[in-house]
């Protein structure tokens, strides 16, 4: 790959936009050619108007970039979208129509019948829907989405189990980090010394997205996986890293050892293709009784892996475990970047 | 009740001991006659050697009390035990043998076949086992236990549902406060910006204690309730108040409205007898989507109530909700005090 | 006092407004006759539109009150103002002109040359300025302010030292709770695992308000105390309770013992008059090396006292100590209520 | 440097020991040849008995190393000491006598009259005392210490100001991270929603160590800098990174601009020698009003820089600012490693 692809970050000043910039700053295949934002910051220097929250600091060459409005003629092949919901409605389809390849972290189009919702290791074949998408919508570009932060880490842990055994029923309780709500996001009076047992629409998203991820594209539509699911979603006093307790029923009641073997052996196209952002091990299985923990495990594989621990029998559903992952890297921006790498490497972007 | 009963707090300097002292300080029926401790603090003034952690401060008349060793001849009718596990093994039975009525918050004897494990509203009839206990052990006193902090609040919420419908299966995930581990207890490096998805022995305790609470005394032994149960226990960055997400299957699949009605209508002997420490409403049901929360609900009814929220359907098990309660008041010391009030009022203490 | 005075809470739905309601709910002298708010919530039931954050819950009779617009004809003798800054500019003077006695927690008019800035124990004589205020402004009512939360607790600790010795120079560093910024206020990403070493305008307010509190009313104007002062203000991960480290130079270099005696002996008009909200001891001096602490000391005297600890020599300025107090009770709403009680008892409200 | 120096980590299982291991894992000049510990863990595999708290995980080749007792015949040229205080008394001098070059993070010997207390950029010339140390003690090895975490970052910020202007008086208030107390260290009940305004011996250490750092070695003894100093030390709810507010008097009352220039221009021997662990900029000066903050600035220059912000005039002492740095990297293990690199590069280790 001799020249880098030009990429835009849409909604660049928010929490996810900042993660996109961090992950793209020294990317071997991509170079940031445009940063877009809502109207009031247009024309301003990025470094002047952004409350930067990523510890590593703003990359130097990004500081001086001038924020542009989000428009269909943005100078970029690929657009990574961290737009607010209403701006996503307005712009994502228009950009794809104008020939851009949009990789969106926004929930707006995730459940659209012709929009693939992809985790690169889990369902890369869903990219086949892009042919139908382009034909049906008359687009020269494309739109690919990556899913909710909690659903992504849950699904990563479920994918090998679904393939090797089959999942019948599943109950999950999440303990989610505040960064998932962006900035300013969760008020500190809701976080310090507290748990909020509710995140609007999160439980519904987890169920429907997990089923779409683990379902199939039958050439005409997405068929969701037939898993009976229920989720309890909670906000806890953690900066980054979602922890999820999972109880589930697998077909054939495999042993705990078989389940761990299945999780540990899991690899996907990103690993086969050695994509730049791919984790070496998408799922890490730990044996210590008290892992995974956010402070110790969220940054595993540069935030791109899910860590599973406490795999053991469950008296009600058969099996239980804990899964944890970084919500704004693998659970958001990193997932989009990996999807873009995958589709580029597979020749799906024309 | 013209004269107050003399009561001792065993293991008075720890977190639960302090809560006992707080709850007993102005009690209408009890007066603190002795505080006991491990050897090194014996003979010292309570106020001089106790790292007091209850915001309301040490009651004045307690400050000057001299700590005694835990011995069978302690000057008290009733002993509230917050002893460490090994000290409980050594002393609780000896005290009961010597004629004391021991109300223990310690786990040591909870599952003993002749020791009642009581929540005053839930299974007051288990006190009938004391006759067998005294006869079998040759005790003139008695030993009553109150159970694990997480199990107590779960069971309070389950009790009306077990009575009105019957519980078949249950999955619970806890998010527990650090005060449950005492002081110094949980290191701050495990708590700040973190979740620890493991508490030693907690999951086992929750299952076996909940079944004993909801079971029956058949005249000779305790028959546990036949509920299939599984628990995930987690420590979160909260000072006080355990939050638990619960999914369960009730016989007859009652509606959400019926379940809320059952919870709201729940009353027990403590309410009928108007016991001093009894909450007016042992279970509070809230309708807001984001309740209960530790900072807003743990102190409901002076920490003696459990608060239930988000009662709704569950695709896997049928019904789900969130329950929250104060772990060191109703979940520990307050439960013991209420048990003592109940047995005294019912004439079970001779 | 046979009938209660009718009082309004202006800006009732915010954090300070809620504290006003809590403190006024069972007040022996006052009854809440009106709650006002910004336009969008006008006409709504208070309980329906308020995100209530005080652990004790909304008082029952307040839940059903209908929110009114803030207007000069509000039905109340006394108005407690927790208005946003711009609404305070618009309404406070208008209300005072219309005959209301406004006790404001807002910073807008604190430094006005004819508006008294009062801590009831410290400078009750500044109420004499009301005569000039009414005459000069043509008001039949009045406007009294109470000062910044950090300045109030600092000044309470300084008042006896200024009176008994005289303060020459003072350096203070604050560690302030997030509730001081209201709700939503401080984002949790700024609070968890973090310190923000900056609070806009806070350092300036602390200096000018402390000088005004400790200064004099010479019959025509306020003469600020001639204290050289500097402040560093920080936001820390605490819900309630501001902690301040103070180094200062006192005239005559009194001993540590003399300073503690001065602090402990401090009483004011609220104590002499036994006002309902007055703390028995406005300043509590602790001897433990690690006190005061927010969780242990902020609720002393129902949040109305300042707690001082670690009084010791300072190599640079002479003396140092730590002072802590509840920022939304004594540092805000409670200070206003106490001021109203004082002026009512002293006959200053006509 | 063709072969790597063999280094031991003494007290390898604690918080600082773990940081040593992290920093030495891929060091270009050093290889870890021994890990020592207290008796009970001797003979065990490091990975089996260590509660590892550094997010990056245990380096693979360290996991399998067997813990040794701390003894004078340890197989290493250089020993990095993170021993507990009593073990340091027993072993550090013995190791130096036996020919080892001991770089200690422990406070035991810091104020000894012949033991240099060094910050590599600040007072590298204090290493001259090693000649006297070896002669006086009859050692073939040496002992060098690095100072308290709060004193190191304060001193880094002061060094250029002392050199360029001269410091007369200084007041500092710290807000220190819990990791400074090791593991288990600070109980979470002291940290969540709280500040503890006291750290035993910390204020004394800050004063005496800062003066020794900024003082001189006159050929026979250390002459402390003649700075009048006072410190307030506090523990706040932060994992890593100490924040300090500083007010000080500089000779000649330089302007804020001159002070910032002095701070920004500061370089030392580590920068000149391009030592592996040296930060490019030992002091970073920020212009934003709300910086430095622990989450955003503690990892600057891989945790080896101090970040200064809010440089401005101070009405009492003349100048004030905020300084922040990583307490277990530059404030502990990293400081020792840099000292070892410096003395090796300068030929002071024989």
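Just so it is clear, A, B, C and D label the chains in written order, and each chain counts residues from 1 on its own.
The rule we apply is simple: a contact is a pair of C-beta atoms (placed from the backbone, for glycine too) under 8 Å apart; a residue touches a chain by one contact, two chains touch by 3 or more.
Model, not experiment: these values are computed from the prediction.
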Fewest touching-chain hops separating chain B from chain C: 1
A-D compared against B-D, more contacting pairs: B-D
Most remote chain, CA-based centroid, reference being chain C: A
Inter-chain centre distance, chain B versus chain D - centres from mean C-alpha coordinates, in Å: 47
Chain centre separation in whole Å, for chain D relative to chain C (CA means): 42
Separation of mean Cα positions, chain D and chain A [Å, integer]: 40
Where chain C touches two or more other chains at once, by residue number: 53, 189-190, 192-193, 237-239, 295
Chain D-facing residues of chain B, complex: 53, 178-179, 183-193, 237-239
Chain A residues touching chain D - in the complex, by the definition given at the top: 52-53, 55-57, 192-193, 239, 295-296, 298-300
Residue ranges of chain C in contact with chain D within the complex: 169-171, 173, 175, 189-190, 193-198, 200, 207, 228-230, 232, 234, 236-239, 243, 245, 247, 289-295, 309-310, 314-317, 320, 322, 324
